[in-house]
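Pasting the structures here.
Paired with subunit B in one complex and with subunit C in the other, subunit A is shared by the two complexes that follow.
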Partner chain A sequence: MIELFGYLLSGVTVGFIYTLVGLGFTVIYNSSGIINFSQGEFVMAGGMSTVFLLYAGLPLGVAFFLAILITSMIGIVLYKLISLSRDSSQISLIILTLGFAIFLRGLAQVIFDKQLHTMPSFVGEGAFEIFDTTLSYQAVLIMVVASAIVISLYLFFQKTKTGQAMVAASNNVDAAKLMGINIKKILMLNFAISAVIASIGGILLTPITSTNYEVGIMLGLKGFCAAIIGGLGTPFGAVAGGLVLGILESLVAGYVSSEYKDAVAFVVLLAILFFMPGGIFGNLKSQRV
Partner chain B sequence: MLKRYNINTQILLLIGILIVIPFLFQNDFYYEIAILSILNALIVIGLNLLMGYAGQVSLGHGAFAGLGAYISVVLTSNYGLTPLLSIFISVVIMGLLGFIISKPILKLKGHYLAMATLGIGIIINIVLEVEEEFTGGVDGMSVDSFVVFGYEFDNSVAWYILCAVLLVFTIWAFENLIKSPFGRLLRSIRDSEKAANSVGIDVSYYKSIVFVISVVIATIAGSLYAFFSGFISPQEASFTHSIELVVMVVLGGLGRVYGAIFGAVILTVLPQLLTSFEDYETLVFGMIIISVMIFMPKGIASIFDKVVKKKEQNSASSK
Partner chain C sequence: MPWIFEKFIGDYVMLKNFILRAMAFMFISSFVILGAKENIKIGAIVAATGPASFLGDPELKTLQHYVDKINKAGGVNGQMIELIHYDTGANPKKAVTFTKRLINQDKVVAIIGPSTSGETMAILKFVKKAKIPLISMAGAVAIIDPVKPYVFKIVATDRMACKKVMQDLKKRKLTNLALISGSGGFGKSMRKQCKEVAPDFGIKIVADETYGKKDSDMTSQLLKIKNNKDVQVVLNPGFGQGPAIVTKNYRQLKIQHPLYQSHGVASKKYIEIAGKASEGVRVVAPPVVVADKLDDSFANRKIALAYKNEYEKTFNSQVASFGGHAYDSLYIIVNAIKRAGSTNPTKIRDEIEKTKGFEGVDGVVNLSPTDHLGLDTKTGMVLLEIKNGDWTIVK
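Moving on, here comes the complex of A and B:
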């Protein structure tokens, strides 16, 4: 029982990270219909930049801020590249974002290095004791910050004028244009927001699992699995999908086989795609292409 | 009649190039690159049939090639079968596997299809890494030499001839396939599945057939690559390899048989040139993909279209 509780806790912790990556996908997908295969590299960029800014001797807060700023710039660069593209077919855009991911990995290799890096937890190394299992402060921080991001994202899209304009733009581009909404600006903002969410995930995760230039591949793919499991295009689905995925992974690693842990996300992904393509919370409408 | 003639001149040109190229080779390394390019080109031709003619993306073909290769290798090393028989059995297994998974997979479209093929590819890759007793795990395993009817392929020239012949045969087969009613059928599916369906074409059946063809070719080329290099690792089945293959298709030009060769050759030769830059290899590779997608989304083969068009215009205006 205690074992199970421990697995659940660690599953939820990782699940929140998948949620953040999945949310990043959702924000870009909803606004532009593009699946951004470099989302995982945004996560990597957030974590790696923070680590190296800390190495450079900057204070924690400044390092966070700069890392998030750098990653949002990367998001904007990706948007600019996509808008330069002469062909907007799905295959081309998938490959463009895949190419951008490879580019970012290469860039990280050159600017940083190929080593594994970690940083100390920024809320201390201590842990809560709950029913004989421990829950590190960092894990609690991940849960709190991720939840806060989910809520503020919801409020942003529902309550603020910019947020509503973004929703309008994703619903009907032409109508939004007629209402005087600057679509290009909106799209760029979406890419930046998505990158910010991802970079925060990367920063939060680094003290727990450490980071390197390749860490984004699996994180990005799993985040996408989370988004599809919950129902692509629904922010709430990304949260649910992320948590389900995190918990399942943790249970499989604990009870079945730690070697096959990484396969869980993709097995679940296939099951969802084959049997309920709308995801847990999506409707079939989101399956339209 | 004219089209028929066209196919033959292109094939003859290809044969000519394949014969002339070795005279430029200075050492075995050149042969190695050429063989590698041809084997990649074979996989890309199959994948191109799926992507360019049937309009279905696959981000898992590296894994299919890798799994097919592993089956061939394990059958020769662990069960003592001859390489040719092993490849044959592997082709049958992979063909069946491809047919079975194609049914649910090809119902999906766009991103969902890309993601499903990617998922299957990664699962295959993980299985190959974990099942060490069969596959040697992450470190890979060595492969027996390639002996066919008592002849051992132990030099690059023999391998080059084998691969070149295979390439010419495959292209010839494909050109004919595409010009046949089957090819027209595929294009109709690509252009509009609904329309194809409404005129009575069994869309899902034909999509499955194309998927199986592309998986079978990947299996053959992947197996030959393993026998040629004498070594195989799960790296062959990695996500990165799958992506490279898709990029080769798009770089060459979707739906262009000869484009596949361009794409494969460029992306096989390029990393060899870039190895001298070591750390910058990935960076430059990424930049190339991005710039191709931005400036040449129709692929390299599209450049020739422009040249041909201009010539046609010129000759038309001179008349």
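Moving on, here comes the complex of A and C:
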């Protein structure tokens, strides 16, 4: 029993990491219907810039702020690229985000380096001891921040005028335009928000996993799985998807074999796509394409 | 039409003059060239860019630096060395192309490289056909086992790393080993080698876990090991951030068994990333990593230290053990050419094979017709323990 509890706890920790990455997919998909495959690279950019700003001797708070600013700028650049090729099909735009991801990885190799980097945990290296297993302070911080982001995203989309405008823009661009919504601004804001969430994720992850220029590849893939499993389009979907994925991986590693851990993630993804194409929290809206 | 005829004659005379002059020029200049001795051409195939650039970059820098140094000191047997190098980006196809070019166009007398095992395996048949000696800088045992006449390799294998760990386990009377390996090529290969050599030391593998190269949490696998009552000691073959995360999770779970890490993490980077969790971890490493801490009884201490200092001074970056492979390969070839007194590839090969007691960065090298690796676990690997954030050598 204690064993199971340990696996679950480890799964929840990893699940929240996937959630943080998955949220970014949700936000951009929500407004533009595009799946942004450079989401993982946004995470990398957030973590790497923080590390290098710290190396440069900036205080922690300033480094965070600047890193988030830099990453949101990258998000806006991606939006500009996409808006330049507005007339292309969605598939071409998704390919564009893939290309942008490769570009960001290359850029990170040139600007930063190819080494692994880490930074000290900002809540101390310790861990809570629960029964026979442990939960590090940093993992708890990730859970708290991820939950806070999910709730504020929900409130933002449901309760604020800008958020409602975003939802409107995703439902019907033309109608939204007629209602006087500035689609360009809304989309740009969306890409910026998504990049900010990703960079916060990147910063929080670095003390646990450490970071380098290609850390975004696998994180992006797993975050994408989480978003699909939970259902694109709702922030709660990313949480559910992340947790399902994390816990499943952990249970498989614990009870079956760690060799099959990653395979399970993708099998679940396929099963969900077959039987629940909208994901766990999906609604009909997200089935249109 | 006499004027046309005249023109033809004129052209013919001009052409004839030109050819005669050209021949005279070539005749004279060939004397000049023969007077100064021809360069010795040594080929190098390295992955200076791309995914294996962490290997190829220090290797190429080392080769260029030391070739310059040898030439400034008067070359080999009065001849200058000319290093002809190509960058493969770790692509085996390119390695094959460049090998053919080195052999057919550049006509080199020996080849150093490639940096990775896959590339080396791809070019073996071409060097065999051309009968050009090759010293590979890659890790896999398959390169020199079985022995191929023209192929050498002065790099410690993962098999040696496994043996080094097992020797220590035997000394500490620990017999039940748990493996937790990275799923990348490095982790996979070392896991296989360790499983093969374990019975020779009377060691039983009681748990065998793996993790993905880019996983962010290994708690589940470690919990499984923790709950396995047979386990006495844990070894983590792996590379990159994985071992650092394993180490952190290991300490968080308060697992009391000793933890061993492979030569894949034998750099200060590992201590930096794993932080305090790395205290007390034992790591197998090539001697150059701790060149300044080796004691005088260590045969290749002086050369390892000299290389480390020179590399760090010249390139203003921390020494990587990989550059040492290039140093050893270059000097073994140069010494062979000196002894052979000739640049005939077959004679060079024969002399390389006779290399005895060569003190290199990677260890003391003794080659023979049956051993084209030449390193042993005594000088090729050292066992380290991390204390106060620094390496200490385990006696």
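Simple rule for what comes next: the second predicted complex is superposed on the first by the 282 of 289 C-alpha atoms of A that agree within 3 Å, B and C clash if a C-alpha of one lies under 4 Å from a C-alpha of the other, contacts with A are read in each partner's own complex, and residues count from 1 in each chain.
Keep this in mind: a contact is a pair of C-beta atoms (placed from the backbone, for glycine too) under 8 Å apart; a residue touches a chain by one contact, two chains touch by 3 or more.
Here the structure is a predicted model, which is why all the values come from computation and not from measurement.
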item	value
Touched partner set for A:17, first subunit B, second subunit C, both or neither	second
Touching partner for A:7 - first (subunit B), second (subunit C), both, neither	second
Partner chain(s) touched by A:253 [first = subunit B, second = subunit C, both, neither]	second
Contacts of A:262 with subunit B and subunit C, given as first, second, both or neither	both
Touched partner set for A:273, first subunit B, second subunit C, both or neither	first
Partner chain(s) touched by A:217 [first = subunit B, second = subunit C, both, neither]	both
Common interface positions of subunit A, toward subunit B and toward subunit C	217, 259, 262
Partner subunit A, residues of subunit B touching it in the complex	51, 57, 104, 108-112, 114-116, 118-120, 122-123, 126-127, 130, 239, 243, 246-247, 250, 254, 279-290, 292-295, 297-298
Partner subunit C, residues of subunit A touching it in the complex	3, 6-7, 9-11, 13-14, 17, 114-118, 120, 125, 127, 133-134, 136, 205, 208-210, 212, 215, 217-219, 249-251, 253-254, 258-259, 261-262
Contact footprint of subunit B on subunit A as seen in their complex	35, 81, 84-87, 89-96, 98-107, 109-110, 217, 221, 224-225, 228, 232, 257, 259-260, 262-263, 266-267, 269-270, 273-274, 277, 287, 289
In the complex with subunit A, residue positions of subunit C that touch it	53-54, 183, 209-217, 219-221, 223-224, 227, 240-241, 244-245, 248, 252-254, 269, 272-273, 275-276
